[in-house]
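Which chain is which? They are A, B, C and D, in the order written, and residues in each are numbered from 1.
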Amino acid sequence: MLRIAYMRTLSFFYSLGDLFSKTIPIIKVEPEDLFQGHKEALFFSCGAYSVTCVVKTARTIAFKPLAVYYLLLSYGSKIMTTQTKKTTLASAMPDVQAADDYRQIAIDKVGVKDITYPISLHCPATGNVQHTVAKVNMYVSLPHDQKGTHMSRFLEVLNKHREQIRSDQIMSICADIRDRLEAPEAHLQLTFPYFIHKKAPVTQSPGMLDIQVTFDATAGDKNEFIMSVKVPGKSLCPCSKEISAYGAHNQRCEIEARVRFTAGKMMWIEELFDIVEKAASSPVFSVLKRPDEKWVTETAFDNPKFVEDIVRDLAIMLDNEDRICWYQITSENFESIHNHNAYAYIEKDKDECCE
Amino acid sequence: MLRIAYMRTLSFFYSLGDLFSKTIPIIKVEPEDLFQGHKEALFFSCGAYSVTCVVKTARTIAFKPLAVYYLLLSYGSKIMTTQTKKTTLASAMPDVQAADDYRQIAIDKVGVKDITYPISLHCPATGNVQHTVAKVNMYVSLPHDQKGTHMSRFLEVLNKHREQIRSDQIMSICADIRDRLEAPEAHLQLTFPYFIHKKAPVTQSPGMLDIQVTFDATAGDKNEFIMSVKVPGKSLCPCSKEISAYGAHNQRCEIEARVRFTAGKMMWIEELFDIVEKAASSPVFSVLKRPDEKWVTETAFDNPKFVEDIVRDLAIMLDNEDRICWYQITSENFESIHNHNAYAYIEKDKDECCE
Amino acid sequence: MLRIAYMRTLSFFYSLGDLFSKTIPIIKVEPEDLFQGHKEALFFSCGAYSVTCVVKTARTIAFKPLAVYYLLLSYGSKIMTTQTKKTTLASAMPDVQAADDYRQIAIDKVGVKDITYPISLHCPATGNVQHTVAKVNMYVSLPHDQKGTHMSRFLEVLNKHREQIRSDQIMSICADIRDRLEAPEAHLQLTFPYFIHKKAPVTQSPGMLDIQVTFDATAGDKNEFIMSVKVPGKSLCPCSKEISAYGAHNQRCEIEARVRFTAGKMMWIEELFDIVEKAASSPVFSVLKRPDEKWVTETAFDNPKFVEDIVRDLAIMLDNEDRICWYQITSENFESIHNHNAYAYIEKDKDECCE
Amino acid sequence: MLRIAYMRTLSFFYSLGDLFSKTIPIIKVEPEDLFQGHKEALFFSCGAYSVTCVVKTARTIAFKPLAVYYLLLSYGSKIMTTQTKKTTLASAMPDVQAADDYRQIAIDKVGVKDITYPISLHCPATGNVQHTVAKVNMYVSLPHDQKGTHMSRFLEVLNKHREQIRSDQIMSICADIRDRLEAPEAHLQLTFPYFIHKKAPVTQSPGMLDIQVTFDATAGDKNEFIMSVKVPGKSLCPCSKEISAYGAHNQRCEIEARVRFTAGKMMWIEELFDIVEKAASSPVFSVLKRPDEKWVTETAFDNPKFVEDIVRDLAIMLDNEDRICWYQITSENFESIHNHNAYAYIEKDKDECCE
């Protein structure tokens, strides 16, 4: 079977471009002859000098003749070295991503993933700025007839906004991606450590607790913003406490709440954090002096919780928060009696869901 | 505020148990009287010996008086040491997880996560057995009125089946979890490296390629089985090839297909792998001699693909596979010109979806 | 076997403390009676109203009678509830870590690991400040006769310095840890993403490349500072290029240099980065327009390198840099033709090694 | 500056090969003309029909003229297309890795990293076979005058032995790598989950605990075998227990022992595991019924340990084990009161160290 890969044929084109520059006229193109009726092949005219052009093969890509320079040429059996030719064509570098696609398959998300980037978060409520480092994913939807997206533009948008990230304006950055990429829909995901200034419970020693925050925005026909906080806590097992003569197994746990806000409403990271942290048997801290450690130990013992209790108690708190219209919550407890974890998950969509 | 944690109150009960053992008569207990609809803390007096009982607090749990032994007692101001008392009650160890829950919050998934477990996969089609090590998650749904699930039973079910995992019988294991845990719905997720025996393309040198396979089963009102394969491949950039005088940037990529099968149909892991691997610019291998390396290099160069092309070509192949009724596909390309990745994603639900 | 755990005995003491507060006279304590001559129990003198007792078992801890409150007592067979009693003793909370240890085993490193912390890096040469987030480990050595270290102090030192991290003053922070923890030797390890402002090679589009930097300092009899940079690059295989008709497999690689500086000399992160990046077939960038992508593709193709070449070329460059007296260098190439990586490693200690 | 990359010049050679096949006489070659006296270019003699030329630049590689086909030639300014020409040379595919290297830099380790591979472990003592999946690294040292190693051979050796891994014969596999790669020294590192069959402490319910085992072998002038086990356990804080009215914070910990054996002696994985597990406050299990959970909770509470105590107690046990001549031990405790970990480390080289 004759299979001419798309990029090869484009390379042929450059030879053609070279021919053109020598003003060789192309009278006619007979695609049918060339591809012997292969249904996926498209052909352009070209004449006297036996110019033949193939645009598409089974595994590759149709190409629109955006200009005469995009023609593809087999010049008899002679193949010029592509190296020197291409250099002369640098100014006419083809925009492969902007070409048409023939496969009729739209892509839900395409873009860049796992970018490590420094950002500055501004909190309009407090005026505070926090510098942190985010993992960033940026995607757009791609209509069925478009070959590819322009990956470098994502980074340009990110660079433009990175000093001014605000949770209440994340949608406008996402809209900027959509506009810059000329896409129907854009997605922006930022995941970063965020630092909560917390004093130890008794000695009031200052410290910072790192939580993981995610902003997940979609701009398109439907706009959506999901904020997520992943908060470390301490869980203490009620069963262990109950059945044991003394003590109770306890462990670090990680409680996550992903929430959507009711239309027109918002919460700051700290506000959501405050709720989530309450679901644990005890909060955790970065600096604990002995009286603080005593407090944490006793607080957890007084407040035993199964992983089920953590998500249920959190669900009740989020049910009571009318700024939140939808949530997904999980707790993963790094069981200190096993080498595996306990896990629970609840999702709820309140009816008055956000637009 | 009076806050008596649930487990404390159970501990009080043990004091009560002690009292019983001393044959102190408790004249009568009327649980209904006791709770009198008080929405948080409930107290009930009982008789001559000043029995006081707290059942529930804001952060903890109501307890049904399943038996007289479950009563809670504050015996005046005197508190016995719980240590020696509890020992005598070992045979009456309370089943905390089996208790009722008052919060009216059902839990979508609760169970064990991140278990590392050796499994044996059997392929009835070939008779082959493959030994590997899985990461296992096992969850059940929990009705609103049940306090907790029994975590140890998950492991027992896993242990029972681990030597006989078959992709076409994964649903029956999942059903076994549901039965053993007495739950409306059960989830079983197994993720493991799976080894494909592949010969090098020219020298036919034998080797094994590791792919990542996931079985994701749900048994309940709705039964569902999703098989996923994550396959390494090589992608070569069409744009780079086109615009450069020579060479083209290429890189390892990871292509994933998650699929649901049409009712009554199935594919083996190898069959799905074969399809997914074709979506790359070139397959990859574990052992390559020089003629093989030449083949891989040239095959990729002849077959350039954007991340968009990979998912589109895979989508077409899966569209043509009538054993598959739904799929989610992604490709993540570890771009060799950046320190971040390119990514594309397509989801499709064919209409004739599985039961 | 009678095994009285250290902490149990201290708990008995609290009952004793309670007795004291009620001024109940203790006529006499007979430790021999109490411990029934168990050979692992050691006892100290006890006066009429002040009993002193240290109990040691094979697996637990000797205790110095720091004060009368540290006495240990079993008051007959009666055990008071410890809960309310202990509260009154909060001000006399024992400093368990400060106690003696009897096992005669010194500990090389003990401390806190995997702290996520925001830091500000100052570069005195340029005046620039870069905000980033570090993973921090902080350890001290512990002499054989000391029970434990004081974990919270590590965090206090970190908090004090985090806004003013300078690579040329990291040793003084490390010395501060040693002083604050009163230890013979201290270790400070900071690992963080660091962002290099790089323009694209042709279009000069601005972008930031994330590299991973580690500062690894030891302060003690021997002072030592190791700086490490882990730099992404692109490697292109010479063998593939040579044997193939066209193209060559290439991939992202990660090149790391860990270096010690000659006494009295230093390099900035950017200076070390500049050297390491040159070892790749081509540098990588975050923003590349098409002419830049062409440049990267062709540069790598013109400059093929095995993983062996990368570390050798880097070794030559570091040999020629007299500010560096020792290095460990690695390259890990994420081979695009395999699902495993190529790796090379060289270590060299130049003679004029740092103090 | 004129910079002629090594691979470019080899490509020129193929044109020459083509000329030879057409028996075109080459009368004379003037390297000086070709390279214009660039001082880094070296040239060899060239007879009437056999031109030999090696070109070396700062960043690339000298080449020995292994055969006439390895000649390098710039044939005036004319460059043939390399594509079709190379195909005719496939049988004379150059062995680039076997070439000489001019940089005079020996490489400590070069090879393959992060191979995922199924292995079968045999225990001669028990006759048991355990199937698991290893992460494998395989390296050799490379003398200063050798260009590269042969990566595919590592996989061939691995494939040959993978069904018959025995801890007491790991050195012979390592020696096989050294022989097959013709290297002075070889390294083999296998890291894998290993499953310990453990019954629950009270109910004797069967279960499997996954530990992480590493075999790290070096064969060369010095032979060395390090076995490592990483064992999950439970640690309970003595300070928290002491200062708190009730309860004590506890958490999962991971205790690692890396050991070298005394010459002529060995331990099985299970034997080393048994020692390491004893260092925790309590062992952990995969299946625990309620009486077992009570046992674990109380055992840990009776046996509180700082991270310092864990490594010290383990050090004492390893000191007493005369089959072990060297060890490195660590414990990392995933503190349930913090979002960071506690860590301790001891290394000891007993004098009678292994050869």
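Here, a residue touches a chain if its C-beta (ideal position, glycine included) is under 8 Å from a C-beta of that chain, and two chains touch if they have at least 3 such contacts.
Note that the coordinates shown come from a computational prediction; the quantities given were computed from them, not determined experimentally.
Asks: Please give the intersection of the contact partners of chain A with those of chain B.
Replies: Chains that touch both chain A and chain B, as defined above, are C, D.
Asks: From the options C-D, A-D or B-C, choose the one that repeats interface A-B, i.e. more than half of its residue-numbered contact pairs are shared.
Replies: C-D
Asks: Could you give the separation in Å between the centres of chain B and chain D, each centre being the mean of its C-alpha atoms?
Replies: 32
Asks: Going by the contact rule already set, what residues in chain B reach two or more other chains?
Replies: 83, 93, 115-116, 210, 239, 241, 243-246, 248, 286, 288, 290-291, 294, 338-340
Asks: Under the touch definition given earlier, write down the residues of chain B that touch chain A in their complex.
Replies: 3, 5-8, 10-11, 59-61, 82-83, 86-87, 93-94, 96-97, 101, 103, 105-116, 137, 139, 142, 147-149, 151, 238-239, 241-246, 248, 302-304, 306-309, 311-313, 315-316, 332, 338-347
Asks: Under the definition above, what is the set of chain C residues touching chain A in their complex?
Replies: 90, 93, 95, 115-118, 120, 130-133, 152, 155-156, 159, 192-193, 195, 205-208, 210, 286-291, 294
Asks: Give the list of chain A residues in touch with chain D in this complex.
Replies: Listed in rising order, the residues of chain A that touch chain D are 79-81, 83, 209-210, 232, 234, 236-237, 239-241, 243-252, 282, 284-286, 288, 290-291, 293-294, 296-298, 300-301, 334-340.
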